[in-house]
Amino acid sequence: MALMHPHDKSIPSDQARLLISCPDQPGIVAAVSRFLYQHGVNIVRSDQHTTDPEGGLFFMRIEFRLQDGQTPLDQLEEAFIETADRFQMSWRLGGASQRKRLAIFVSKEDHCLTDLLWRWRIGELHADIAMVVSNHPDMEPLVTPFGIPYYHVPCNRDIRLEAERRHLELLAKEQVDTVILARYMQIIPPTMIAHYPHRIINIHHSFLPAFIGAKPYDQAFERGVKIIGATAHYVTEALDQGPIIEQDVERVDHRCRVEDLKRIGRDVERLVLARAVQWHLNDEILVHGNKTVVFA
Amino acid sequence: MALMHPHDKSIPSDQARLLISCPDQPGIVAAVSRFLYQHGVNIVRSDQHTTDPEGGLFFMRIEFRLQDGQTPLDQLEEAFIETADRFQMSWRLGGASQRKRLAIFVSKEDHCLTDLLWRWRIGELHADIAMVVSNHPDMEPLVTPFGIPYYHVPCNRDIRLEAERRHLELLAKEQVDTVILARYMQIIPPTMIAHYPHRIINIHHSFLPAFIGAKPYDQAFERGVKIIGATAHYVTEALDQGPIIEQDVERVDHRCRVEDLKRIGRDVERLVLARAVQWHLNDEILVHGNKTVVFA
Amino acid sequence: MALMHPHDKSIPSDQARLLISCPDQPGIVAAVSRFLYQHGVNIVRSDQHTTDPEGGLFFMRIEFRLQDGQTPLDQLEEAFIETADRFQMSWRLGGASQRKRLAIFVSKEDHCLTDLLWRWRIGELHADIAMVVSNHPDMEPLVTPFGIPYYHVPCNRDIRLEAERRHLELLAKEQVDTVILARYMQIIPPTMIAHYPHRIINIHHSFLPAFIGAKPYDQAFERGVKIIGATAHYVTEALDQGPIIEQDVERVDHRCRVEDLKRIGRDVERLVLARAVQWHLNDEILVHGNKTVVFA
Amino acid sequence: MALMHPHDKSIPSDQARLLISCPDQPGIVAAVSRFLYQHGVNIVRSDQHTTDPEGGLFFMRIEFRLQDGQTPLDQLEEAFIETADRFQMSWRLGGASQRKRLAIFVSKEDHCLTDLLWRWRIGELHADIAMVVSNHPDMEPLVTPFGIPYYHVPCNRDIRLEAERRHLELLAKEQVDTVILARYMQIIPPTMIAHYPHRIINIHHSFLPAFIGAKPYDQAFERGVKIIGATAHYVTEALDQGPIIEQDVERVDHRCRVEDLKRIGRDVERLVLARAVQWHLNDEILVHGNKTVVFA
C-alpha cells in the first residue's frame, strides 16, 4: 500500500558530518580544514559560530562528501582524534545517510503526529519512525496504516513507575535515538531524560517563557495577548525550561475564544515542531548551557 | 521652519464617533442605527463585538458624519441619553476632528520618541503633543525644534513625591488627555494612574507576559529565545500587567548578543507603540476587565 | 474505522447568516437591524464595510440565531424581500448549519489534499467532501480510507473535452457547491467556471501577481527573491488573475535551492488554502469586481 | 548641538574583513584559514556558501582582528595575492573600521531619509553621510541640523544631462562610495550605474517582481492583494530588475485604501532599506549574476 513506503530521498552514502564544540582559540579552522583537505573530502557546507571572540566557545558543523579511493569514514574518525584532542573538542563524526530512529509520544491531540507522519511519508524527514507510544489507544488507526508499531502504555499517578519501565524497555529494544513529544502532555521522568540527554524534543503550546505549565491557551486568553505561539525545546528536568530550538507565533485578536486560539495554535505547533525535528535529524543543533546553536 | 508645522491631514469637522459598551441583548443595533438614521447622520464605518452571544458584553464603535441642517453634535448627545439608559450603556460621543492632547514621557532612549515625533510631523498622528517630559535633559535638542515644550523633571527614590506633584501639575495645566510612556523606565505612581485611567500607554520591550520587569533583553538573551517582541499596554497598578493593546515580534538567533536584541527590538518597539497610540487617538480601543477590544 | 467519521462540531441548527451587497446609502443598517429585531432573532456577529462613504458599495454579513416560537427561516427569507428591494440588495439568507458540498481536484502533489482531509476529519471544515477528482490515480490510497469517492479522470490536450464533460457530470450528480483546486495544475475550462462562479478556489504557489503561470518556484529562484508566498483566489477566465482571497509568505535566503523553496512553500500553500476554504465555507467572503471583502 | 554628533560606536581599528568569490574547489578554506592563522589574525566571524557542491561558486566572508606585533593589513593584502591567484579569486581585504561615504538621494517623501538619519545619529550606521541630494528643496530643513550638506539638483526631462553631470561631479568631489536612493523616484542614468556598480541601493515600494514601475501601491490596491511589501535592490540598467538584497511584507485587508497602503508601506520600506544599507556597509553582501549572497 502506497502509504507505507515513504519516498526515499536518500542522502548519498558517502556524505558525512563533523560537529565540533570547544573553547575558542586561533587555529581551529585552519587545523580542521587542513585535516579534511588532506584526507580528500569535499566540503558541501560549513557553518561556525563563536559566542565571544574574546575567550568564548567555538562551534562548527561541516557537511562533506568522502571521495572514492580516499580515507573511509572510520579511519577518518580515528585520524581526527589527534586534532580533536589538541583543541579539547567535544566532537562527533558520522555518516549523514544514517537514519536516526525516532519514537513519537502522543496523547489525544493528533495534529503534530499527523504532520510528522505526512512529512515522513513524503520523504521530508530523514529518519525511521520506530514506534508511536501513547497513553491512549485513540491514535492507533492513524499509525498502523504506515506499518509503524503503536504501543498503548497507560500512564497515571499510580502506575507511573510501571509505565516508565515499559517506555525505557521499548526504546531500548528498538534502539531509539530520539524521542519526540508530539503533544504527549505527561511529565517525563528524570530517568528517561538521563537516558536521552538533548534527545527528547517537546512542543510546548506557548511562546516560552510565557505561559509555562498547563493550559497555556487558557492562560493566553485570560491575559488577553495579541499573539500566541509555540516552542520546541529539548526536555530537561526543569519543566518547560530546556534549551529552546525553535519558536513561532501567530496573530490573534479580541474575537478569538479559547477554541480559536487552540485552532490557530495547532498550525503554529506543528510547523515549529517539524522544523525542530528536521534540524535535529540533520545534526544542525548544538547545545551549550541552556541554549542552542542552530546551523539550519 | 518646516519642522514645526505638521501636515494637517485634518479629519472633517462634521465627523464624529459613538462608542458603546453594555450588556448584550437583542435590539441594541436596531435602536442605535435607527437613532442615527433618524438624526440624518451618514455612517462611515461601524464595528461591533459580542464577547459571548449568550449573555456577554456588547461593544460598538460607529464613525459617522453629521449632515448639514441636521441635528448638531451636542443635541445628538443629549438625544442619545434615552437610548443609552434603556440598554445600560457606557458610552461616549465626540467629534472625530478634536485632537487629543498628549504628553510623551521619555528617559534616555530616543527611538520611540523620534518615531512619534516623525509621525506627528507628517500628519499620521491626529493629536497635539502638549509636552515631552523626561527625568533627563538629554532629549531636549530633539524636541524643541518642533516647538514642543520639554520639561526636565528629575526623578529618583528621594524626590519621587516631588516629581509626581510636578508631573500632575504640568499635565493638568496643559489639559493633557493621554500620557505616552515612550521608554520612560520609571514606575508610575498610583495617583497618576488614577487620574488617567486607561489613558497612560506604556511600551514594554518584551512580548508580555514573558520577561516582566527590568532588562527584558538581558532576560531574553539568558533564556535563549528565538523571537523577541514588544508590548504596548495601558498602565495599571500592577507592573506590566495592564490591558494589552498591541504586540509584535521579530526573529533572532544564536548569533545575537544582547546589543543585537536591543537594536532589533528598537524597530519592533517603535512600530508597536505607534500602532497603539494611533488606535488610542482614533478611539479604536475599548477596555473591558484586563483586556482590549481593538476596532482597528 | 475512526478515520472515516469526522468530529461533528456542528453549528446549531437555528443559526443562520444574511449576506448583503448594495449601493451604499443612509438607513441600510437601521432597516436591516430593525427587520431582524422585529423577527426576534439574536445577532451573534455582524460585520459591515463601505468601499467609499461617498457613494460606494456597502457589504454586510450578519450571523444570528432564530429564537424558538419566532419566524422560521423560510418565512424570514420571504419577509426580507421588501427591505432588500428597497435598497437594491444582492443578498443571501441561509442556515449556517447546512454543509456545503466540496469537490477537491488534485494532481500529483498531496500536501494540500492531505491537509484538507485532516482538517475535515478533526471537524475544522464544516463541509461534506463529496469527491476527490484527479488526472492521476496516485492519490486514491490517501482518500478511500476516509470513505470519500475518488475519481480518476485522465486529462490532456487530446481528451480535454471529454474530461470536462465527465467533470461537470460528476459535480452535477453529487450536487457539488464548491470546487477546490488543491494543486490541480490543469487549466479550468470556461464552461466549468461559468457553472461555478466564485465557487472554484485555486491555490497558486506564489504571491500573486508575481510569478504567474508555470513553475513559480523556479521563477522565484531565478529572480533571487528573499520571500516566497502562496495565493488562494477564485478562478476566473484570466489565468491566476481572479479575486485574491488570502496570501501569505515565508522567508528564504541564498542557501535555498529550488527544492527548498518547494518544501518551504508547501507549508505556506496548505495554510493559505485552508484559510480560504474555511472562510468560503463560513460565507465570510463577498466578491466585488475583482476583489474580495473577507469578514473573517 | 547634540543632533550633529552621532554616537561613535566605532569598530576597533585592528578589525578587518576578507571577502572572496571564486569557482568552488577543494582546499580553499584550508588555504585561507592556514594563511590567516600563519599571520596571527584572530577570526571573529566566518561565513561561507557554495552555490552547488558539484562545480558551483564559492563565497566567503571572514571578519578578523589583527594581533599586535603581527602582519599589518597592507602586508597581509600583499601576502594574500599568491593564495588568491591560485584559486582565481575575486577578493577584497579591508579595514572594518573604515567608514564608507554615502550619498542619499531623496525626492518628496522623507520616511526613508529620516530613518537613515536617525540610525546614523544613534550610531547604527557605520558610515559617513557625505551629502543628501534631491530634485526638490523640501528636505533641506531635515538635513542641515545634522551638519550634512544638502544639494538641490533640479531634474527633469529637459535638464537630465545637466543634472547627471552635476550628480557625478558632487559624488566624485566628495569621494562617495555608495549611493542610497531613499525614494528618489527618478531614473538613474547608465553612466552613473557604470560608475557605481552594485553600489547604488534602491528601495522599491512593492515586493518585486510584483508591481514593477510607477505607483505600485495603486497597482496593489487595484489588484486587491492581501499583503504589500518593499524590496531593496542594487540598481542595474533594467528598471527594478537588479539583484534583490532584502524584502519584507505587511498584511493589508479590504478596508485599506491606497492611502492606507502607503502609510503601512512606509514602515516596511524604511526597515527594508535600513537592513540593506546596514548589510552593505558591513560588507555582508556578495553579488553573483543577478542575485545576492547575504552573510547577515
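A, B, C and D label the chains in the order they appear, each numbered from 1.
Here is the rule we use: a contact is a pair of C-beta atoms (placed from the backbone, for glycine too) under 8 Å apart; a residue touches a chain by one contact, two chains touch by 3 or more.
On a predicted model such as this, the values are computed, not experimentally measured, just so you know.
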item	value
Chain labels contacting chain A and also chain B	C, D
Steps needed, at fewest, to go from chain B to chain C via touching chains	1
Rigid-body rotation angle, chain D and chain A, from Cα fit (steps of 5°)	180
Interface composition of copies chain A and chain C: same or different, split at half	same
Chain whose average C-alpha position is farthest from chain C's own	D
Chain centre separation in whole Å, for chain D relative to chain B (CA means)	36
Chain centre separation (chain C, chain D; CA means) in Å	42
Residue list for chain A, restricted to those that touch at least two other chains	none
Overall pattern in which the protein chains touch one another (line/ring/star/complete/other)	complete
Residues of chain C touching chain D in the complex	49, 207-211, 223-227, 229, 243-249, 253-255, 290-294
Footprint of chain C on chain A - complex, ascending	1-3, 110-111, 114, 118, 122, 124, 138, 141-142, 145, 263, 267, 271
Chain C - residues contacting chain B, complex	26-27, 29-30, 33-34, 36-37, 40-48, 50, 53, 65
